[in-house]
Structures are given as C-alpha cells and as structure tokens.
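For reference, the structures are reproduced in the following blocks.
Each of the two complexes below includes chain A, the first together with chain B, the second together with chain C.
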Partner chain A sequence: MLCNSINLDNCIKCSDCNAVCPVSIVYPAYPGPKNLGPELERLRLEGISCDTDWIEYCLNCYRCNLVCPNQVDISGMINMAKAHHKKPLIRKMRDFWFSRPWLLGRLLTIMPRLTNLMLNIRPVRLLMSRLLKISSNRIFPIYIDSDINVPIHDVPKSDSVIFFLGCSIRYNQPDLGRKVVLFLQRIGIKSVNIFSGCCGLPALANGDIKEARVRARSNTEYLIKDVLAGSFVVAACTSCGHMLKTCFDGLLDEDSDMKHKVQKIAKSTFDFGEFLMSRSDLFLFDNNISSSNLRIAYHAPCHQISQGIGRPWFHLLKRIPNLQIEDLDAGCCGMSGTFGFKEEKYKISMDIGQRLFDSIRDVNPQMVVTECATCRMQIEHGVKIKTIHPAELLLDLISAKT
Partner chain B sequence: MENYHFDLIVIGAGMSGMTAVITALNQGLRVGIVNTGFGLFVFGSGCIENCQTLHKEAPENFNKAIDLFLENARLAECPFYGSINEIRYLPTIMGGFQAVSFAPFYLWKGNASESIRSAVVGINGVSSFNADYTAERLNYTAKFNDFKTNYVAKEINLSIKPKSVASMLQFANRFDFDSRFYDELQEALKPISREADLIIIPGIFGLRSKFQKIYDFEHELDCNLCELSNIPPSIPGLRLFNVLIAHLRKNGAEFFSGFSVKNLEIKNGHCQTIEVDIPARSLCIDFDSIILATGQFSKSLIGLDFFDVDEWLRPITKSGTVIADNLYAIGDLLRNVGGNDNRHSILTGYRAGMSIVERR
Partner chain C sequence: MESTQVVIIGGGITGAGILWDLSLRGISAVLFEKQDLANGATGRCHGLLHSGCRYVIKDSDAAKECAIESKIIKKIAPNCVQNTGGFFIQCSQDDPTFFTKWEESCKNIDIVSERLSVDEVLAMEPNLTTNILGAFTCSDSYVDVFQLVKSNIGSAVMRGANFRSYCEVTAINSDGGRVRYVDYINNLTGESGAIACDIVVNASGGWAQKIAAMVGVNVSMRCDKGSLIVFNHSLVNHVINRCRMPGDADIIVPAGPVCILGTSSIVVPNPENLTVDFNEIQHLLNIGIELVPKITDARILRIFSGARPLYTPKNITTAAGREISRGFALLDHKVHDQISGFISIVGGKLTTYRLMAEMTSDLIASKLGNDRPCMTKEVPLRVATDERVMKRACQLLPIHIATTIERRLGSDLAHVVNTIETKPETAEVICECEQITLAEIDVILKNKTSIPVNTISDIGRRTRLGFGPCQGTFCGYKAMLAGYKNKRWTAKQASEEFERFLNERRKGQYVVSQGKQIEQLFLSNYLFGMAYNFYNQKKG
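Right after this comes the complex of A and B.
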C-alpha cells in the first residue's frame, strides 16, 4: 500500500470509502475520504494546495483503506495532506501538545497528584476549553509516575522481546505494563528490553510530520540493533503496533539503508495478542486458566483491524472456561486518540461512538475489554462501564490458578 | 510462528462466497473469509433472477441451495420473498424491469404486472436520481411489455445537513441514526401515500436497518414500499452485505477483511496455504479446503491453466487435470462455464460447500 501516483490511479471513485467513513456517517458536511484523499491528491500533486479545515477531521481509523476494492492508501494521502495544513494559533498550540504525549507525560508526572487534581477541577477544565480548545466534557486519564520495575529472569533458550510500552501505558497505566511483562515472562520469554519511546502516531494524526519523523527515526535507531539480533518488538497498544508496522516506511524513505531498517522492524513487530496467539502451543493455555463466570463484551479497535491479524484477543479469551464473551462488532468508538479531546470535535466523536454505546447497552455485559487505551476511555465515558485491556483479565485468571 | 488454521477458507464475500460460507457453517465447519470491498453488492440489491430460465442441467439441489440461503437471510433479518415458480417484474432505477423469482422484502412489492398506481419519488436536490426520467421510462417499458402499472413522478423535500451535499448516502445514514429524520421522511411521504398504492424510492432506508424497522416504517405509512438500488454504492446492496456479514460473524465465521491474497501455494496438486498481504509481513492461513469466489475482476490466483471445473467444482486444465484437489471455484469466476448472476452464485456456492463436506 504505497502512496504513489499508480496507487492514486487505482481509485475508481466507487465511494465505498465514503460509505464506511465514521465521520461521514454522522457528519454529512464532511467531504469524505474519497474527496480529501485521492481527489484532492491529484490537485496537490500539481502543486495546488487545496488546504481545508476538513483535513483535521480525518480520524486516521483506516476503515477507508480497508474497504477500498483497489487498495488505495486513502488514509496515507490524508495524513500527508495534514502535514501541509495551516491551523489558527490556538489549535496549533493545542495540537503541539497533543502531538507529543511523551512530553506531556513527562511534565505531568513531575507532580502527578497535583496534576491529576488540577486536570479534573471544573474551572481548570473550563479554562482549558477557553484557552486551548480542549473539551471540558472530557476527563483526563490519571497520570502516574512509576517505572515498570519487574525483576528480569533469564530463561535459557528463550526468545528475546522488546516490549514497546507506548505513552499511554508508560504514563497512565504502568500497572498494565507490569502485567504484560509478567505475562511475557510466564510464557518463557526473557523480556529484557522495555522501550518507553513514543511511536509518533499522535504527531502524524495531528499533522506534525516533523515530530512524527523525529519519533520514527529515534525509534528505528533504538530498536534496530536488537531487532537485527533477532528480538521481536511487542506492542500492547494497537495504535503503536499499527504505527510501527505501517507508517515508518512512508516517513523515513530518504535512503535505502533507513528503509531497510524500517522494514526489518515492521516485520519483527507484533501486537501483543498476535504474539500470544503465535505462542498458543505453550503451557499457558493448556490447563492453567481458571474459569470465570463473567459476561464480557469485546470491542475491536480500528488500529487492531488495520493490522489485518484477525481477532487474536477474542480467540484467546474464548479459551477461558465458562466465560461468556460477545464481539460487539459495532464500528469505530470515535475517540481516535486526541481527536475526541478537541472542543470542536467532541460532539462528532460522541456521535460516532453512539452505535458502539448502544450495542454495549444491548449486550449489557459486566465489563468491556478492548486493546486500545483511548477506546477504553471513550467507552467508559460514553457508557460508564468498567473497560480493561484483555491481558489484564487473562493474566488475573492465570495468576489465580498458579 | 503458528498460523491460523481453518477447515475452509473462502476468498471473496460476494453472493457466492457468502453462500459457500453459510453452507459450510451449517455443516459445522470452521470457516475463514478473506475479502476486500463489498463485492457486487455495490451494484445491486440482491435479487435472485428468474429461476425458470435456469439452464436445464442445473442440478436439482438448487432448491436446497435457495432454501438454505433464504433461511439465513431471514435469520440475518433481511428476509427474501418469492418462490422458484414465480416471476415478478421489478423496476430498476434506469426505468427498465428485471425478471426475478426472489427479492429482498424492501423490493418485492414493486410488481409491475399489478394494476396499481405507483409513485416514483425523487428527492429535491439529489442529483443522482431523476424521478421524471425513471417514471417516463418505466411507463414506456411497461406499455411495451403490456404491464398494467402506471407510474407517476413525485418529488419530496427533505432537510439537508448544513454545508453538506444532498446524497442518498447522507439520507440512508440519517435513517439509521437519527429518529427525527425517520419522522421527517414519514411526513414527506404521507401525502403521496394517500394517492398511490405503491411508493418507489431510491435506496434510503439505512445501511444497517433490519426488517422490523423498515416494516414499521411501511406500516406507519400505510402504503407499500419498493426501494430501488441507487447508483453505486447501492444502499440496499450495502445493507444486505452488512446484515449478512454480521450474521455470519455471529455464527462463527472469521473475517480477514481489507487485504488481498498475495499468493496461493499449490504443491503436488494440493493447496495448503494462502498468503494475505497484511501490513509489514504476510499473514499465512492454513486450511483443509479453499474456495475461490473472487469474481470476474480480481487477478487470477490460479493462473491461465484454469479452463473448466469438474463435477465437484474444482478447476481443471484443458487436458482435464485437477489443478488442486482441495481447491474449488464458484460464482462469477465460472462465467464462462455457467452463468454470472445471483442464481448461479447461490447454486455454485452451495455446491462447493457441499462438495467439501462430502469429500471430507
């Protein structure tokens, strides 16, 4: 799926992408992926800027790419157009921070208690809404300053894994990170490296292509040595996994050496669920899971679907005895990382999520599981139901047994 | 790394692929589907053509195939009406008629041979449908064919969201999610319903709505409805696709949607693995049997040797050699050796599904 002129000519204007775009569905004024992607791309390639604010409304969910019968990289075209998009100062300032969750995380975890208190005081949120156009309806996640210190056991003859933490786990859910490392150790992996860099997807989605390139390059330089030595990169965040697999290639195409490194990393990157599925022959899944009487619902995040790996977590959880699990199959949650936090996009974000919320209410589960941190935020915000990463559930059930 | 393994992999989720999946699931097989796009559902509304003109050699299990498909369409909450011995002439958006034996419930009532007053309803501002043109053509074609229905063009006004362009896609999405739009459409159609026995309207009743919602709408309106498939992407076609996919998924089919098949590995007359072109690296899927339902436009996965199919629907070469003993071809791929319409798609989908079950 390369964003080149041949790819552009593959677009036959069938409008299938418009029929699945979550934004187009709830917000008909949005010109849709066909228009913002391939149609304007022709003009952009001729040097006509065609800049429009609508570019910012693309969720980067990749559903257009997936439905395209001719494999046109519509999202890629829109992402590149975002890079040249001009924004007013306030939105530019806000998106500067949203593009850098790593920087935000570092600053906000200096005094986490104070930060968490401040971020959730109504007047502060109103002020942020006024000054930075961040929706006052949104509740910020709790920031936690904690390193993931798990004793590393060297298991002979095991594979080596780099656990790509991602900003959300690093700064908001270090406990989940700890569980993932424990999990990896349980299945006999000496999880030596924990890498806490930012994948750069938020920067790409916010149109800060320079920052996205900086992240992509630093990640590549860091990861390549271990990857060449045979390590796998495992990401528990689907957006990080998606970024590592698909986007570095387009960002760092300046020289063939870099391209080679990027492709090598992409090939070695696994979603956590995908990685476990590939290890399902290990002892973990035989008789070691205790049963659970929970009734849960599973939501597949867009960036999990875009990786084309099936539904690994759905199948893994199905192995839990007595657990009732239903795949919600209700489309995009509408949060799309930082999109749902933006004042002018909050309503659209919630409208998109409505189908998912309704579906959760219909199924009426005791909890929802999903791999993506921002999907969890959106579901908890929209339905007020406990939502966790599937790894937490599975590890708890294994711990209870052993 | 361990691969996915299925009893059956179906490539393509058009009418034939879906029927094959239905058949296999019904027999308790584990089925995976690899597909991109909506298949030919973007063009049509899922009608099953006149069964009386089926080729004489069509096997007798056509009845079973149709029954199984219809039963699943009903369970997916998009029931079809009709019977094998019946022919109805249903209007098309270009002002012609198609002879069908079965049609989804939202189209079935548009029977041209009944002596009724039909209103062809256009929507003000929508450029993709012209009620005057369609009504004029329908009257002309009806007269030519000695049909009794009379068509009158009508136009309704519907609100359009600010700054947006009026399109059937917009209205269909609003029908799905906006209860106010449902009421607005009711109000707009009410005056027409008093004068007409049948309202013909291009695809508007949502991309995800099921039988009950459209039935309720029709009931409240107190007038029969006939929803035509509009210019691509056809709203009724996408709706049928969406409900069938959801139904199959619920029944255990695993979808790998959005990626094309890069390679089909055939070794010693046996096909074992396909490589799906997912990001970063290929996804290898293992299977016992594989059905190609890739339609007539996709690239050929089995090369130019493909000449015909044997009695199990396995592709054979010109000399009669089976290309792979567990590989089957169905649907529009067989356009040269069968036919390329929904009847044949359902028939071949069912036959291939049953072949696999019998040969296991």
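Right after this comes the complex of A and C.
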C-alpha cells in the first residue's frame, strides 16, 4: 500500500497541509488534505465507508506531503482512497483514457493531422464535453508522430544516461526530446538511451491504481538493469521525475527485493535541470551561451518543487547573459495534468490558476518558461502568452553560439 | 417528598440494564449516578463482548453465560456492537497442551471454534507476529460501552424512567428494618433532596461496599486494577486473544477507530484515583509486542485504568484478582442482613449485564408483586431509524459522518438533520479526529436526546469527541464555544469546563512514554498551557 498505516499515526492535526493545499485555498468547501488523508484513513481502517466525490478534487500536487512536519504520506493516502472511489460510468470512461496517455498518444498519432484538426473543431469539442465530460474550453495539445531519430552510440555504459522521455514529449513535443538528447551527447555523455514508456502518474492521479502498478512495474523492470550498471535516469518532465523519485516506492512494496530496486531507481533519477546543475563541468557552458535580451518569467511546477531540488532551471537560465528572468512564485497553476481537462473541474482549475495568471500579468514578460507540459498549457490558456520548456530556450542559445 | 418504587444506585451498565428492565415491566425507577454514565469499571474496560472462550477452562459456567448473553446483546443492540469476530492465537512460546485442552473445553460446552492455519491467520491479520502455530476462531466482538449504557438508559427514559447524573446518594434511610428513602446531593449545583422508595438497588460496582455500609451492611468487594493502552488506529481486524491461561496484556480489541491492549491485574484499595506507572505500561507493552510486533511503532493515544469490582464472599478472600470467579452475585439483604428493600448486585462482567439485570429485576418484581416477565431478551434497545431521515442526512453530510451519527443517535438523527437544514453552517466538523459535527453537539447540548450532558467529557462519552489522536486539543475548544453559544454555560463556566476537560484528557496522556503523542501534548500545551497555567500544576 502507498501509505503504511503507521505513517498515519504521525499526524498531529497541525493543519499545515490544509494551509498550502491549492484547492482548499480557492474552494473552502473542499475538506482538505488532512481530512481526506490521515483523518479519514483512520476511519477507513475501521471499516467505515468514507467515499466522497471530493477525493477526485485532489490535484496530487504533493504540496501537503512536502510541508508536513511529521512525514505523513498524505497524498499517498488520498491516491489509495481514489482507487476505491466509485464514479459514474461517463467519468469512469473518460478517466480510463486520461489514465493512459501512452495509449491515447499511440492512437492519436496514427493520423496526427486528422486528429489535430478534429480535436480542435468546435462541434467535436462540444460532443466530447457531452459524451466524455471533457471541458470544451480546453485546447488539446498538438499530436506529432515523430520518432526521436538521434544516432545512439553504443559504447560502454560507463558514463551513460537513460533519458526518460515521458508521454508529453514523446507525442506532443518530440522536437524538445531530440534537442535534449543531442545536448546530452554534446556535453560528453557517451551513451544516451531513450525510454519512452509512461511513468504511471496520470493513472495514479485518476484513481486507476492497477494501471499505475503495471506502469511502475514495467518501468522498474526495464530501468533497473542499466541503473544497476551505473546509469542515471534523466527526466525532462517534472511529473515523470516526481513519479520515479517518490511514488513507485508506495506502489510496489509487496516484496523487499522490488522495494530495493525501486529505491535504487529513485536514487538514480534526476530532473534534467538538476542533472545539468550537478555536472562539475557546468561552468564550461558559460562561455558558450549566447546572450539574449528576452524578459521572461519562470514558474516552478508543483512536481518540480516536490522533488526537493531547489530551482535548477531558474539558476541555469540566470547564466544567460542579459536575460531578465523573474521567479513568479505564485503557487500551483491548477491544471494538474488531466484535472483541468475535466468538465466539472475546469472552473476550479482556472480559479486555482488565477493567482499565477495575475502574477504573470503583473510581471508582463515576453514569455514564460516552465518545465511541466500541462502547466504550459494552462498558462497559455489562461494568459495567452507563449510558454516554453526552459531547456528549449537554453539549448537554442547554446547551439546558436557554436 | 418525591417518591418512586425503586432507586438504583450506579450508572454503570448494570444499573442501566436494571433501569431498562424495570421500565419494560412498568415499575417506576430512578437511577442515581454520582458522575456521568459509565464512569466506573463499565467505561474503563476493553469493550470486549466475550464469546465465553476466555473462561472455558477456569469457569465453564461463566463461559456458557457469556456465550448466550453475547448473542442476545448482538441481537438487541446491533448499533453498539462491532461484530469483528475473534481469534485465539497459539503462540509458539506458549504451552501446547493448553491448546488441546482449550479446544476440548470449548467443545464440551458447545462453543463453535474453527482451527486456522498460520497462513490463514496472517492473511486476515497481517500485523500479527509470525511466530505462531495457528489460531482458533471465536465470536468475540467489540461493544461500545458508552453507547450500550446510553441505549439502555435512553430507552428506559423514553418509557418513563428517570436518570439523574451527577447526583450522589448520601444516605439511605431505613426504619424498622426497611428502606424508606434516600438522600442525594447534586454534585454540580450542590442542591440536595430526598426521594421515598420501596426498594434500593445497589449496583455501584466498585463502590458497592461503601453504599452497603450506608445501611450498615457489609458487602465485601475487592478492586482489581486493570490498565489498558489505547492505540491510535486499528492494528488488528479481529479481537486477538492469546491462547493460554488468562494473564496480562493478552487481549487486543479493535475498538472502533482505535484498538486497545490490556490488561494488568493489580489489587487496589478503592476504585477512585487510579494511577498507572511507567513500569506497568512497559510490562503491558512487552507482552503485547509478542503478539503484535507492530505496536512498537504504533502511536499510543492514552492509558487508562479501571477497577474490576470483584465480589469476595468471606470464604475465598485469599484468592488473587483474576482467580476470583467472574460470576456475579445477587444479594437480597432481607435474607442476609434483615434489611428489607435493599438489594446488591455485585461482580459479574460487561457481557452478562443483561442477565444480572434480569435476575435483579425478577427479584424486585416479585417483591413488588409485579408478575410481568422479563422482556429484555427480545425487545431491541433502539427503534430503527427512518430510511428517509437517513437519506436526508446523506445529502447533507458526508456518508461516513451520517453513518456514525446514525449509529450513535439512532432516531435522534432527525434532530441533527433538522438542525442542519435550518442552519447549514452547523454541518461544520468540530471534532476532526472522530468527525463529529457541530449540529450533533448542538442537539446533545440542548438535551434533545434523552440523557442530559453537563460537561465536555459528557459530550465525549456520547460522541467520542476528544477520543481521537488530538485528545481534545482542537475539538475541546470548539465544544466549549458551542456550549457557550447554546447558553449552557456562562463564559466563566465554559472556560472552567474546558480546563477540566483538558486536564482529564491530559491525565491519560502524561504517562504515554513514546512517540507522537508527546508532540501532540506539547502542541496542546503551547496552545492552552499559558492560559490555564498547566506548567505549574502537578503532573497527573
């Protein structure tokens, strides 16, 4: 189980988690992480039915876990409770697809042009909102069918990296993936393996614990060989990184061998920015970055914060000469992966994002950078401003020089 | 002077059972309790509804009684019973000959028990030690004692009986070898009064000796202290007994959201001001760990002690606590001591309370010339809740809150639903640990239910408020405000009430020797310690 039950004993009801929960802040009727997590967990263990629709409103942003002074795995408990939550058939069908971005990606990239056209015409969107309760206000990302055709040098795995692609980069931004791989090769990583499986976080957030377990297991089995051989796992998607670092542990704890593997992978996983920051030859980049006169704002996604690695991309971008960069520090964007796409949650998603939108308007940058793909969607939707992955900016400026 | 047919002294389960039984027979009765209901041994036990298995070897009569009575209680008070089932665990370090002897004894008195393999037990109880040989099943269950007492008294009051909490009987006046009237004093208001009666029933458990002395009769009681440890959440799903000669810390009961490990057995001079010392807790934990190793990490909420009121007739005064029969004795003092109209019901167990009440009431009825038969075997303790009310409750409240209120209040749920419908803000959860709403507390404070409350602890006994991990740190304060807003207490009274409540809650936590509860207590101290000057008070 995700939450070991002793963990729930640690809660001393301080309500720190409620104070930081983005949903609680904008939606006082929401019972809050303390209630949905440790409080109800106690009653669930007693055998009382505690199912409530509110459980779906957890963003899985992990801010509660981060702030808890007693290491209670609040979001773990909520994720487990989500798995037992009963929902109507329509939402169940929708969440089936939302739990499986890899399947969605595979299907939608069969005929990407047609798909992109269809997904964004009004009648189809209205139909989807009727049939699948997917908000018609949302614009779907563009699906691109393209493999990352980078020559992979098969060399000894001494200094090797597994690049954990993630569904979003794989199906929507393969270009970014290609750039990252090329860059990794350029900074001297001899072997870059690309792993394009789904991390399983969408399934976990949508209450499909079975699917999440399947993903977690297949990922672990695939990664562990190289990891044991000394490879690092690098993820450019913060949610994938978060999942690999923290959530597998709770999903696959049935035997100690698996637990050991999972912990090993968690220790070897790096966010792309974190990985660059950890390189001792980091200063060598400095001479190679061309200057930029852009005025940009940086938004730290929740799952980047949850990794507890500081703000590597903020500091990396600061190395760009002449660039004006401001850290927005305005909380959660409210998108939370598939959460913002859901009809009944669209409004609350936008309400949560309002603080961030306002802060962007205040700063009035030329563009916003943030690592998370769905944060980018939300910001572009909410403020109508160009939003990109920080790596795109940095890598373009580095390659422009040479 | 007021008058009634019967005065019952002691608001424990026995007194409550007698009140209910008498009310069904149409005999008027008044129950006096010097504090709130279930203040003595009743409220300070495991809450284990014995299937009888624990007594099969030493006391087969008591075992048979338990087997029959537990079935009746499950039938008449399903809302109070959590039908968990239980296991008798065969630990590898215990005497194996006992297991077979135990199994045979069960068969002899027709108690059904199945053998379970190690794997089967561990699949159902993953927290159990793996160092076991197997287990036997039994039909042990958890019974919420406060609810059981409340249901008995509440139903009786609905039928015209009278319950007076915080009323202490100060004298029993007899004249010509016959009980005439009793004097009482209200411990909260200081008012005193007298009530004429034909019969006085001494059902005061550990205080029975003291009460009997009021009429110059000697009822020899021994108080045997048992301490229990409450853990924050259910570590086990069934009642776990250790299959060996009954001893210390060999029962773990899943008691609602918590679980309780106990007990010890130490003779004490009287049932009041029981204290627990560190060594006693360590002793209990050390044995408990042999059964459920996980309790080393589990959070202890509090420790409490109760005194088993054991009746010790003169011939067996040398026996130690658990050795004394757990059977009960009904003493008609007209026969023994030539005092007519004075009856003592002593000893016994929670599980056999109904039988004790039945026999006592039979005796009372025969003395009063009432020939109605006992009906407590069949009549349910509570009328079923209207489905429509439950449906409305589910629309207003989360399902778990609606379910638990229904379990506690039964048909009084309608009051809560009405309160929330008129004032939606009362759906606010006051006690977060046990998920109790302001509406429920309002209903209880306004005495819309049949048993009055006077203190915050009383609210706790009705609802579990303050029984959760925070031990009243947050809910006590809110309950105080609710009492003040409902005009139950003046500002000064409310503040004093809160202080008393916090002190009461702190008592059980002070001795907690480990873990997060200390942090919780500190949080409570930081919040309220200055205001109530806790730092300068003596501990305990």
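The definition used in the following text is that the second predicted complex is superposed on the first by the 388 of 402 C-alpha atoms of A that agree within 3 Å, B and C clash if a C-alpha of one lies under 4 Å from a C-alpha of the other, contacts with A are read in each partner's own complex, and residues count from 1 in each chain.
Keep this in mind: contacts are C-beta pairs under 8 Å (C-beta built on N, C-alpha and C of every residue); 3 or more make two chains touch, one makes a residue touch a chain.
Bear in mind that the values here come from a model prediction, so they are computed numbers and not experimental data.
Asks: Quick check on the chain A-based superposition: chain B and chain C, clash or fit?
Replies: After superposition on chain A, chain B vs chain C: fit, no clash.
Asks: Return first, second, both or neither, reflecting whether A:306 touches chain B, chain C, both chains, or no partner chain.
Replies: first
Asks: May I ask you to decide whether A:35 touches chain B, chain C, both, or neither, giving the answer as first, second, both or neither?
Replies: second
Asks: When the shared chain A is used to line up the two structures, what angle, as a multiple of 10 degrees, is there at the CA centre of chain A toward chain B and chain C?
Replies: 60
Asks: Does chain B (first) or chain C (second) touch A:71, or do both, or does neither?
Replies: Touch status of A:71: first partner only.
Asks: Just chain B (first), just chain C (second), both, or neither: which does A:50 touch?
Replies: second
Asks: Between chain B and chain C, whom does A:180 touch in the aligned arrangement: first, second, both, or neither?
Replies: After superposing on A, A:180 lies clear of both chain B and chain C.
Asks: Name the chain, either chain B or chain C, that contacts more residues of chain A.
Replies: Per-residue touch count on chain A favours B.
Asks: Examine A:377 and indicate which partner it touches, taking first as chain B and second as chain C; both and neither are also allowed.
Replies: Once the two structures are laid over each other on A, A:377 reaches no partner at all.
Asks: When the two structures are overlaid on chain A, which partner does A:162 contact: first (chain B), second (chain C), both, or neither?
Replies: Neither chain B nor chain C is touched by A:162.
Asks: Check the residue A:11 against both partner chains and state whether it touches chain B (first), chain C (second), both, or neither.
Replies: After superposition on chain A, A:11 lies in contact with chain C alone.
Asks: With both complexes overlaid on chain A, what's the closest CA-to-CA approach of chain B to chain C, in Å?
Replies: Nearest C-alpha atoms of the two chains are 5 Å apart.
Asks: Let me check the overlay on chain A: which residues of chain A are in contact with chain B and also with chain C?
Replies: Comparing the two interfaces on chain A, one with chain B and one with chain C, the shared residues are 14.
Asks: Touching residues of chain A toward chain B in the complex: what are they?
Replies: Going through chain A, the ones touching chain B are 1, 14-16, 18-19, 24-29, 65-69, 71, 242, 245-246, 263, 266-267, 269, 277-281, 305-311, 327, 329, 351, 354-355.
Asks: Which residues of chain C touch chain A in the complex?
Replies: Residues 232-235, 237, 254, 256-257, 294, 297-299, 398-400, 403-404, 429, 432-433, 435, 468-470, 473-474, 515-516, 519-520, 523 of chain C touch chain A in their complex.
Asks: Spell out the part of chain B that touches chain A in their complex, as residue ranges.
Replies: Counting only chain B, the residues touching chain A are 1-2, 4, 36-38, 42, 160-165, 167, 169-170, 173-174, 176-177, 207, 232-233, 238, 246, 249, 254, 256-260, 276, 278-281, 283.
Asks: Spell out the residues on chain A that touch chain C in their complex, using ranges where they run on.
Replies: 5-6, 8-14, 31, 34-35, 39-43, 45-52, 70
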